[in-house]
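Each of the next two complexes has chain A plus one more chain, namely chain B in the first and chain C in the second.
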Partner chain A sequence: MRLEKCWFCSSTVYPGHGIQFVRNDAKVFRFCRSKCHKNFKMKRNPRKVKWTKAYRCLHGKDMTQDSTFEFERKRNRPERYDRNVTEQTLKAIPLITKIRHERQKKHITNRQKQGKTKERERDAKELEQDIQMLPKKDAILSTQKTKVVVKVSQQQTEENLMEE
Partner chain B sequence: MNFPTLNLVAHLIIWLVKISWYLYYSYWILNWWVIYDPNALTQLLHLICLFLNVRPVGIQFENNCEIGVFSKLTNAYCLVAIGGSENFYSVFESELADVIPVVKTSIGGTRIIGRLCVGNKNGLLLPHTTTDQELQHLRNCLPDQVVVQRIDERLSALGNCIACNDHVALTHPDLDKATEELIADVLGVEVFRQTIAGNILVGSYCAFSNRGGLVHPHTSIEDLDELSTLLQVPLVAGTVNRGSEVIAAGMTVNDWTAFCGSDTTATELSVIESVFKLRESQPAAIVDDMRKSLIDSYV
Partner chain C sequence: MVQYNFKKITVVPPGKDFIDIILSRTQRQTPTVVHKGYAISRIRQFYMRKVRYSQQNFYEKLSTIIDEFPRLDDVHPFYGDLLHVLYNKDHYKLALGQINTARNIIAKISKDYLRLLKYGDSLYRCKCLKVAALGRMCTVIKRISPSLAYLEQIRQHMARLPSIDPNTRTLLICGYPNVGKSSFMNKITRADVDVQPYAFTTKSLFVGHADYKYLRYQVIDTPGILDRPFEDRNIIEMCSITALAHLRAAVLFFLDISGSCGYSIAQQAALFHSIKSLFMNKPLVIVCNKTDLQPLEKLSEEDMKLVMEMKAEAMKTIAQGGEPNEEGVLLTMSTLTEEGVMSVKNAACERLLDQRVEVKMKSKKINDCLNRFHVALPKPRDSKERPPCIPQAVLEARADAAAAKEKKKLERKLEKDLENENGGAGVYSASLKKHYMLANDEWKEDILPEILDGHNVADFLDPDILQRCEELEREEGLRLEEEVAQEAFQIDGHELTEEQREILGQIRKKKALIIQEHRMKKRTAESRPIVPRKFDKDRKFTTNRMGRQLSSMGIDPNAAVDRARSRGRKRERSLSRAGNDGDDMDIDSQQPNKKLRALSRPRSRSKSRPPEEVVPGEGFRDSDQKKKAIKKAKDSVKKRNKEARLNQYDCLIDITGSRKERVKKSLSIQS
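Take a look at the complex of A and B:
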């Protein structure tokens, strides 16, 4: 049993799922579901279909090169079974997946940061230039008189009272 | 009568007894007794054969005489397919158990392991259909000097496409360049692209070891000479399993033993014995040869 990758969208194909197609030149194509299989039959290029991993990696949307990917590789020359090595590998696998996911999230937030700064700049410029475009009541609110406190001396009022 | 003549007559009588015993009993017994009571009787028969110095052994895999399809024999290890009964495995084990590891395996879930993989004492090459578990099993069972490698090749029946011994390999003419380099690297051999009697499947139409080789019966003499110079071993065009041309499917051979299907006739067996020089590798035969030079006269 082996968890394969879908040829079209690069998601994992679990046992009991999907279809395998073997071409005349003995190349095997594995698909995770009929959506990918039908797209393949329509001769669509996965590098041009937006929701596939191939597109996202090609256009820099997702992280492509990282040392965590090197752990999960197909090896053709096995090593002799060693109990300690197997035990440590099994312990390391969830750690590595966690780190890989965090790095992928970081990659995406970094990619979106530039957009956020640009958005702030645009908003500041708009406020500066187009404040007149705002509706009237908002404008009045902005030009409303502010209360000024004036100090009146106590002596003058007492003199007025005395004269009467 | 003087002693040399008596010696010769005694040898002649023993030889006649051996031949008659083998011809009349072993073929019959192997075919009949194997069905009724496998292990005990085949072991007894093998003991008798050992005593009589009879080589090679005729066996079947689940009533099929194509031994070379279900097993792979090299100088460093032996691979055997997983069959319903243990007869096949026990034959190999009784011959080879102490000398080299005999490993029961499947390749890609199939039993036709002899035709899918190729190997010699330096390495073993497996097709891309081999599962990870089988690969790991082979790596654990085989000695460390043997490099186990899985290769991505369009022609996945490597046993049909490549024939090799410890020094030279003959390959299918359409094999990839990358695969050819891998063969040279993993098996440590010199690789030649050749055809045998016009057949591109060189791995199935010839079987050769470091001592000799047997090829397709319709190979012309010029081809035979050319191949012989390439491989540096004596070659003979012959058949196996009562006239089957697919040599490598009918028998497996290494430097000191050969296993043939039970259909193999006595003539074919004698040809195999002579070309692979198997009789000479038995200790008793060596002593027989040397006795005349060692012993000056009988007192």
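Take a look at the complex of A and C:
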């Protein structure tokens, strides 16, 4: 029993789900649900369909290259059973997946960070330039100094000077 | 001969269907159209053709029936008798005779009417003649329809008769009912005859085939015969009598010595003697059946005597050429235990074969082929015996091999034995992992998980996974540290404060409002009801008119008129916007814009340069030239603008006639 990957969206196909299509050239296409199957029949390219993993990886939305992917490799030769190795593997799998998950999250936050900086710059610029649109009385910023009548004594003036 | 063609007789249709078939065929296959205007010869020909066609069809169909049904005299006497027994020769012949006469009558009818048709003088008369002819033919058929039904029944029954070849080697099984004939038949052939405890289970002849010495023998099972005078016999018994009488076969007379068939040996013996005339020239074998219930030796004196009598009779039928072989005459067997069944069959076949060969030898035909046979035997050189020579070593080897095989069979415990020990097929399930070759035998019964958290375990299996995992963790640790450092470095001093955010919000709101206003003011036909040009050719919609209407309604028209006119006003040149505060953006422009011309905006007053001033980039020599150029440009556009045309390709289409009237009317409603 194996978990397969859907050819269209690259999600896992659990046993008992989905459809397998074998073409005349003996290439097998597995689909996780009829949505992917129907898209395939319509001859849509998964690399152009926004919600698929293929698109996301191609356009750099998701993490593609990482050392954690090296751990999971399909082996064509069965290995002789060894209890110790199996135990270690079973313990290692959750760790590896956790690390992979963290890295993926980081990748996405990094990607989104650029947008944030741009947004901030845009806001600042807008604020600077278009503040003139508002009537003067509304556009009072804390950066603008207000004239405060203060009784001047020598000590106080010194303090004021320091503030300014 | 026609033995096998009983199955190939065509179906005899019932009377009504017969008529329907022929008439519909006549209608389809002959021309159907005729008019009274045609030439009379053509009309006559038309109807004559129909009559002739019908007659021919009737003739053909009836002929096929007559030809296909077997003539009892021409067929092998066995079949002739059998058919007589089953169907009564006389009735059969009568039925066929009726068909024949019908055929002749129809032919006569058709001849007569064709002669009459030759002199028909009108379409109507010809048609009547044709109708009469066909009608009479159909009546004839209707009258013979009972015969047709009878023949159909016969045909169906004949098709189901067993296909017996009267000339080949045959074994005939006869005797009282319930003695075991059918069960014997089932044993030696593949026939599946009904075997039941009641008498007359077998109601007709059954055929099976058995092999002996590479030859095929027909085995015929007959219904039981009772001891009655010949005239009292019923149809079923007559079948077997017929078979006995006509087929040249070896006869196996079955005797039930246990008496469980319900008839004593005396009765059976009596039957034997009454039909022994039928056994003339046929190799006879007396078979004592059901020896499991009553062995032959333990019979009583009288019974034994009767049996011996029968045997004596049977001896007489041994072929003269052969030796008086006592064992081939009286045999015992039991179909239940299958003891002696094969020997009976072999004996009977052997006897039959001998007899047939003898007959062939005696006939003249054999002389033709006799010289073709020659059996070559090597002449012995001397009288020394020469048996086959097998070396001693080979004999020993063979013996050893046999012994070893036996021993092995006893020693090795098969999986099957194991299964049987542990509760049988449904209870015990063999452990398939027994023969696994693993590093440690304790691991044989381990259950290995194949899937974990949506991943295949087999994909991750790796002997040095531990090492790699540690490396990975180290890497991850490093990465995290780097990350933390980076984050600390990127201190964001560019965040907006609350106040700033608020002001930004206000700015954005204002921008949105401007955009909204602009969109509303943008001229589209749906949102701004403009009086289209075609309704305003006479230029009635003027500001004066509007002013008059407003004042008639009681509203002061000045502001509205000013507003409307300001569109065509001269540009006011003012460099600053300061004086236009009042006319600046109307922020609460939620009032519906009914008089939209009133809201039309004057040209932007920020334009400060006089139009005649020469700008050094335009390419004019002086202001005069520029003025001329401007005037020329205006002149070319003036006429178009007066007609309110977009460009030189936009044109006004004149609506003429009634359409114009309608347009005028609608205008009057508006006004």
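Quick note on the criterion: the second predicted complex is superposed on the first by the 133 of 164 C-alpha atoms of A that agree within 3 Å, B and C clash if a C-alpha of one lies under 4 Å from a C-alpha of the other, contacts with A are read in each partner's own complex, and residues count from 1 in each chain.
As a working rule, contacts are C-beta pairs under 8 Å (C-beta built on N, C-alpha and C of every residue); 3 or more make two chains touch, one makes a residue touch a chain.
Owing to the predicted nature of the structure, the values given are computational and were not obtained by experimental measurement.
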{"item": "First (chain B), second (chain C), both or neither touched by A:Leu95", "value": "second"}
{"item": "Contacts of A:Arg2 with chain B and chain C, given as first, second, both or neither", "value": "both"}
{"item": "Which of chain B and chain C A:Arg23 touches, first, second, both or neither", "value": "neither"}
{"item": "Per-residue touch tally on chain A - higher for chain B or for chain C", "value": "C"}
{"item": "Partner chain(s) touched by A:Arg80 [first = chain B, second = chain C, both, neither]", "value": "both"}
{"item": "Which of chain B and chain C A:Ala124 touches, first, second, both or neither", "value": "second"}
{"item": "Partner chain(s) touched by A:Lys43 [first = chain B, second = chain C, both, neither]", "value": "neither"}
{"item": "Overlap of chain C and chain B interfaces on chain A (superposed complexes)", "value": "1-2, 78-81"}
{"item": "Residues of chain C that touch chain A when the two form their complex", "value": "436-440, 443, 446, 448-463, 465-466, 468-469, 472-473, 475-476, 479, 483, 492, 494-497, 499-500, 503-504, 506-508, 510-511"}
{"item": "Contact set on chain A toward chain B in their complex", "value": "1-2, 25-26, 76-81"}
{"item": "Residue ranges of chain B in contact with chain A within the complex", "value": "131-132, 135-136, 139-140, 144, 147-152, 154, 156"}
{"item": "Residue ranges of chain A in contact with chain C within the complex", "value": "1-3, 12, 67-68, 71-75, 78-83, 85-86, 88-90, 92-97, 99, 102-103, 106, 120-121, 123-124, 126-127, 130-131, 133-134, 138-139, 141-142"}
